[in-house]
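Okay, so chain A shows up in both of these, paired with chain B first and chain C after.
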Partner chain A sequence: MNIAVCIKQVPDTETKVKISDDKKSIAEGDINFILNPYDEFGVEEALKLADGGEVTIISLGPDRVTSAIRSALAMGAHKAIHIKSDAVPADPGATADALVAVLKEGNYDLIFTGKQAIDDDHTQMASLLGEKLGIPAVNVVVKLEVSGGKVRAEREIEGAHEVVECPTPCVISAQRGLNEPRYASLKGIMAAKKIQIEAKDVNPGPNQLQIVEYNYPPQKSAGKIVGDSADAVPELIRLLNEEAKVI
Partner chain B sequence: MKALVFAEQRDGKIKKTAFENVSLVKKLGMDFECAVIGDAVDAIELGKYGAAKVVHYKSAKLANYTPDGYAAVLADAMAKQGADVLVMGATSMGKDLGPRVAAKLNASMATDCTHIEMDGGDLKIVRPMYAGKVLATIKLTSAKKVVTVRPNVYAAEENPASAAVEEVASDVDFKTVVAEIVAGAKGKLDVTEADIVVSGGRGLKGPENWHLIEDLAAQLGAANGASRAAVDAGWRPHDEQVGQTGKTVSPSLYVAVGISGAIQHLAGMSSSKYIVAINKDPEAPIFKVADYGIVADLFEVVPRMIEELKNRN
Partner chain C sequence: MAPVKPSFSKALFSGVIMEDLVFPYPKMEKEEAENVKMMIDTFNKFAEDNIDAVKFDEEAKIPEDVINGLKELGFFGLNTPDKYDGFGLGSTGFTKMLSAVSEHDGSTSLMLGAHQSIGIKALNLFGSEEQKKKYLPRLVTGELVGAFCLTEPGAGSDAAGIKTKAVRDEKSGYYVLNGTKLWITNGGIADFFTVFAKEDLEIKGEIQEKITAFIVTTDMPGVSKGKEEKKMGIRGSSTTEVYFEDVKVPFENIVGERGKGFKVAMEVLNSGRLGLAGGTIGAFKEIFKTTLDHINQRKQFKKTLAEFEVIKQKVAQITIDIYAAESMIYLTTGLVDRGDVDYSIESAMCKIRATDIAWEGINECLQMAGGIGFMKEYPYERNVRDARINKIFEGTNEILRMFIALSGLQERGEYLKKIGKALRDPIKGFGLLTDFAADWVKDRIITGRIRDVHPSLMNAKKDFENWAKNLRFTVERLLMEHSKEIIYREMISYRIADAAIDLFGMIATISRVDTRIRDIGADKCDKEIKICNAFCEQAWRRVRRNLLMVDKNNDDYLREIADFISEEKQYPFNTEQFF
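Take a look at the complex of A and B:
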């Protein structure tokens, strides 16, 4: 099978995110960028399923995203396409249009994304790609079987799993639990360096999401230390009942 | 601006998030109608919260969720019911379905919104990013708009109206079917839906002590959550993980037991209305966001809490 994996480069989870002075963007200065953690599950699943076919990594963004692309190549992916863009559009629909233009040029049986990017948390890409390509999309997948042009995917919903069936080609968004992503070997890292990343200029679609401003969440002031032993429990329960009124 | 509130159902029962969204659009003073998709659905319930007009797109084929089928019906419903903005819950279904409808309508979409207000004739929307480390205030500039609202943020307020339910027979083709729903542990409450969440972390020392979390949760009618440390150690399944690489929650009460409060965990739970921290380390960052804290050994505090609550119940 030929498989595409759409990946995103994101700040790692330890990053203290800083808003720039004009409040319209995130300051990139001290950020350590990584491959979006959920995308790793997509890359791993693609490598497992390719079975002699090719796995192509696709990512949109400025030049720095090539390091995330290299991480995915080092895991064993075969090809990569970098859609060059000064920034990732605020509107995921605009990014989806650019990805769709590139995806249409390939003949992919499966397309993977992560279940969400841990920076903007839009959680839209797999469904957007599915709709724009006119094919099914299954989100938050933790178990996947593909055979004879048919997909059986288990996806997480509230307190249960939904077993979804659809034909290929389709889009799958990967959730933790789908697999255990491999670590890149030294050999893989060296091999990845030799792969030519194909750079493309594609115009993203119209941006229809306007950032008014970014703010930090209101700081919660530290509350009350009710006590320093189990003897404080009755008072805690009284406070939860009478003051907070939550139990 | 007219809203269409999509009322999600499972097994014919309307989800609470739909009632919350009816209350929200009423509060915003928006003209609105509701849409329900399914077979036998208790659609009249929406009236209790003030919905006057509900269109039930009815089909046995659509009893269970199907993304492409539901998306086709909703895109048509937006036109038929003359709505500009589609409002739904940021649930598993809402997040799956929303972008598909948005793409059909050339609409832009705001996911997991925590605050919405009217600004002139426009919607000003706040949605968390980086799992809550940043709040983005945004506007959707497309003609049609789709928003999903985080469950539990807006209260479902009873406000009885007599709902007129119009049934429309629906027939659409779709390629994606839900073959079955495999229930998790029996009666297991999900952290994103629960009003109270009790989470455990590294301080529990091992999975063999998790009965403390489960018993405390049972006394409070709460869902069980876990920190990333507990999940990475293999003590708990990942669907319980709260934090930036897990689930983001906003319950009325969040009880953090033996959780130090790594930045990625705080991002996932600090919008909870009340936070209780139990940790023996007074320097643990969790105390910086906690409303009430007990600085003591959880193995003494939690059994006492269970006992006290038992006596109360």
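Take a look at the complex of A and C:
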């Protein structure tokens, strides 16, 4: 099976985010970028399913994204395409257009994405790709079986799992639980260095979303300890009701 | 081998600043830097899921599946060349890797370090092609785990005094090895030992006992191990005795030349000390991070601890100390990676400085944590326990100071009064004699000044030049006054070593910050400029004090008091007299 995994490079979860002076982006200076954790589940699943076929990593962004691509290659992926772009568009639709242009050139049985990128959290990519490619998209998948041109996928929904089937090719967005991503071995890292990343210039589609501004979340006020025994419960209830107004 | 340039610090004792060895500050090749970053990322991921420092400490064991996981990922082959299936990291990359491992767990770092920094290092440095082909591919996968067997019950700092004996039998082609090795890191899990033993060699018609290095594997009959030692810290790592009883070792297992084993051991330790220094700082940085969380949350008198000036002083001091120590370490690993420089005393300097500041600083972290720091539930006490050994093993910080001072003094002594020769014997006892800087520099333009640095660092530069000059004058005066008796004036040597370490710290820090300013501009380096200037200010004051105390001191009193008390065998003074 030939499989494409669309990945995104995102700031490390431990990053202390600083907003740039014009408020329209975050300052990238000291950020440690990583491969989006949900995309890792996609890479792992692709590697497990490929079975002699090829796994191709596709990512859009500036030069720095090659390090995320290398991480995926170090896990064992075979090929990579880097769609060069000075920045990742604010509009996921625009990114999807560029990815679709590249995906159409390949002959993929399956396309993976993470269920969301942990930076902008749009959670749209799998659906957009499915729509624009005219193939099914299954989101938030925690279990996957593929055989005879068909996938059977378990999706996480509120309080239950939903099992769906659809034909291939299709787009799958990976959720935590789908698998345990392998660690990139040092051998894998060295082998990945030898793989040529194919660079492509594709114009992203029209940007219909504009970022107006970024703001820091409001400062959390300090907590209050009412007491440490059962005696404190009435006071706690009173405060939750009257001050916090949550009950 | 290419001609080796003399050590920067040895030349400094002669008043010569070999600035092209320290400017610009070395950088890893982009390719290697990327590899190291990815390797660290992989390790961090593995560690988050698998490395449990608390459990390893409590159970005094690194679980087998964790060790196997590290082997499978390739962490046993970091610094072996790719020709033998390793990953070819240089000294800088390897040291950074050990530092990253230590951020998670000191025992794991020690296990990987003992295998690669010392266990299989002799094979990598001095092994024959056949030996390398035979063993390295199995060592990089961890199928064989390595250990370094030098220390014996009767030979610690005095490593040349080992008793393990190798008797050569020309007829059979085997040595017969007998002896006991003590405190062998990885002893319990190792299959491959680099063993140092004495053999009788005929030199100029005379039979002499000389040290030779051997590869000994556990499949040879007669190799056995003692029980796991119960240790204060780094408890997850394995430490045992290793016994050799009539072990037949084939001639082909000699590493390096017959009788040159001491040189092999010292070269291995020279490089091993850098990994140890880097690892020590990694652990230190991590507990410092934990401390910073604490002091920014904990409030007393309605202020966070971080707002108190006594806490600020500790935080700043730790920052300055780490910055300077890392500047020294990665300047020296850069020299190693150049491959043509004698770095023996610099690596000793890095080991001393890193392990001293980490011991002080981790204790200060515990102090800032207050009562919490004393509780087992928190990582402070474990970090204190783990850090303690670093000042002791791979050469105690005391013996390494003697090595640094006497190497430097000998340099000058050779040049001045032909007393250098008298200094050779004590040095041979614990370190390597290398070529003299003076011979190397005498035909070159000698300068006591360094290039112009960024204006913000000019004071630091001038202080460095000034106190480097003073070191040379002091050393000359010292040799005039004490001549070869200087080898008995250890209190003075200690101060000379400390002065030399501080001077190396100053030049390393200046070079690092100056190079960074050139790369990214001074406005982005304002914090680093302040750190550099603060360190250099502290350092030159210490240098001044140490050099002044070469002449003005109470050493006679101290010796007399110590001799008296040692004879009493206890502290004999009471505030009240009982009759």
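Please note the rule applied: the second predicted complex is superposed on the first by the 233 of 247 C-alpha atoms of A that agree within 3 Å, B and C clash if a C-alpha of one lies under 4 Å from a C-alpha of the other, contacts with A are read in each partner's own complex, and residues count from 1 in each chain.
By definition in this document, a contact is a pair of C-beta atoms (placed from the backbone, for glycine too) under 8 Å apart; a residue touches a chain by one contact, two chains touch by 3 or more.
Computed from a predicted structure; not experimentally measured.
S.K.: Putting chain B and chain C on the same copy of chain A, do they fit or clash?
M.R.: With chain A aligned, chain B clears chain C, so fit.
S.K.: By residue count, which of the two partners contacts chain A more extensively, chain B or chain C?
M.R.: The partner with more contacted residues on chain A is B.
S.K.: Would you sort A:S71 into first (chain B), second (chain C), both or neither based on which partner it touches?
M.R.: A:S71 contacts chain C only, not chain B.
S.K.: Tell me which partner A:L236 touches in the superposition: chain B (first), chain C (second), both or neither.
M.R.: first
S.K.: For A:L186, using the defined touch cut-off, is the partner it touches chain B, chain C, both, or neither? Pick first, second, both or neither.
M.R.: A:L186: touches chain C, not chain B.
S.K.: Between the centres of chain B and chain C, viewed from chain A's Cα centre, what angle do you get? Round it to the nearest 10 degrees, please.
M.R.: 120
S.K.: Check the residue A:I34 against both partner chains and state whether it touches chain B (first), chain C (second), both, or neither.
M.R.: In the superposed model, A:I34 contacts chain C only, not chain B.
S.K.: Once the structures are superposed on A, label A:I58 by its partner contacts, choosing first (chain B), second (chain C), both or neither.
M.R.: neither
S.K.: So, A:D119: does it touch chain B (first), chain C (second), both, or neither?
M.R.: first
S.K.: Upon superposition of the two complexes, what minimum C-alpha distance (Å) separates chain B from chain C?
M.R.: It is 5 Å, taken between the nearest C-alpha atoms.
S.K.: In the complex formed with chain B, which residues of chain A make contact?
M.R.: Per the touch definition, chain A meets chain B at residues 11, 13-14, 16-17, 19, 26, 37-38, 90-93, 96, 118-128, 130-132, 136-140, 152, 154-167, 176-177, 208-217, 220, 222-230, 232-234, 236-237, 239-240, 244, 246-247.
S.K.: If you look only at chain A, which of its residues touch chain C in the complex?
M.R.: It comes out as residues 34, 67, 70-71, 74, 183-187, 189-190, 193.
S.K.: Enumerate the contact residues on chain B facing chain A in the complex.
M.R.: Of all residues in chain B, those touching chain A are 65, 67-68, 71, 91-93, 95-100, 102-104, 107-112, 124, 127-142, 175-184, 188-190, 192-193, 196, 220, 237-239, 241, 243-245, 248, 252-253, 263-264, 270-271, 273-276, 282, 287-297, 300-301, 303-305, 308-309, 312.
S.K.: List the residues on chain C that touch chain A in their complex, please.
M.R.: Where chain C meets chain A, its residues are 31, 34-35, 37-39, 41-42, 45-46, 72-75, 77-78, 82, 87.
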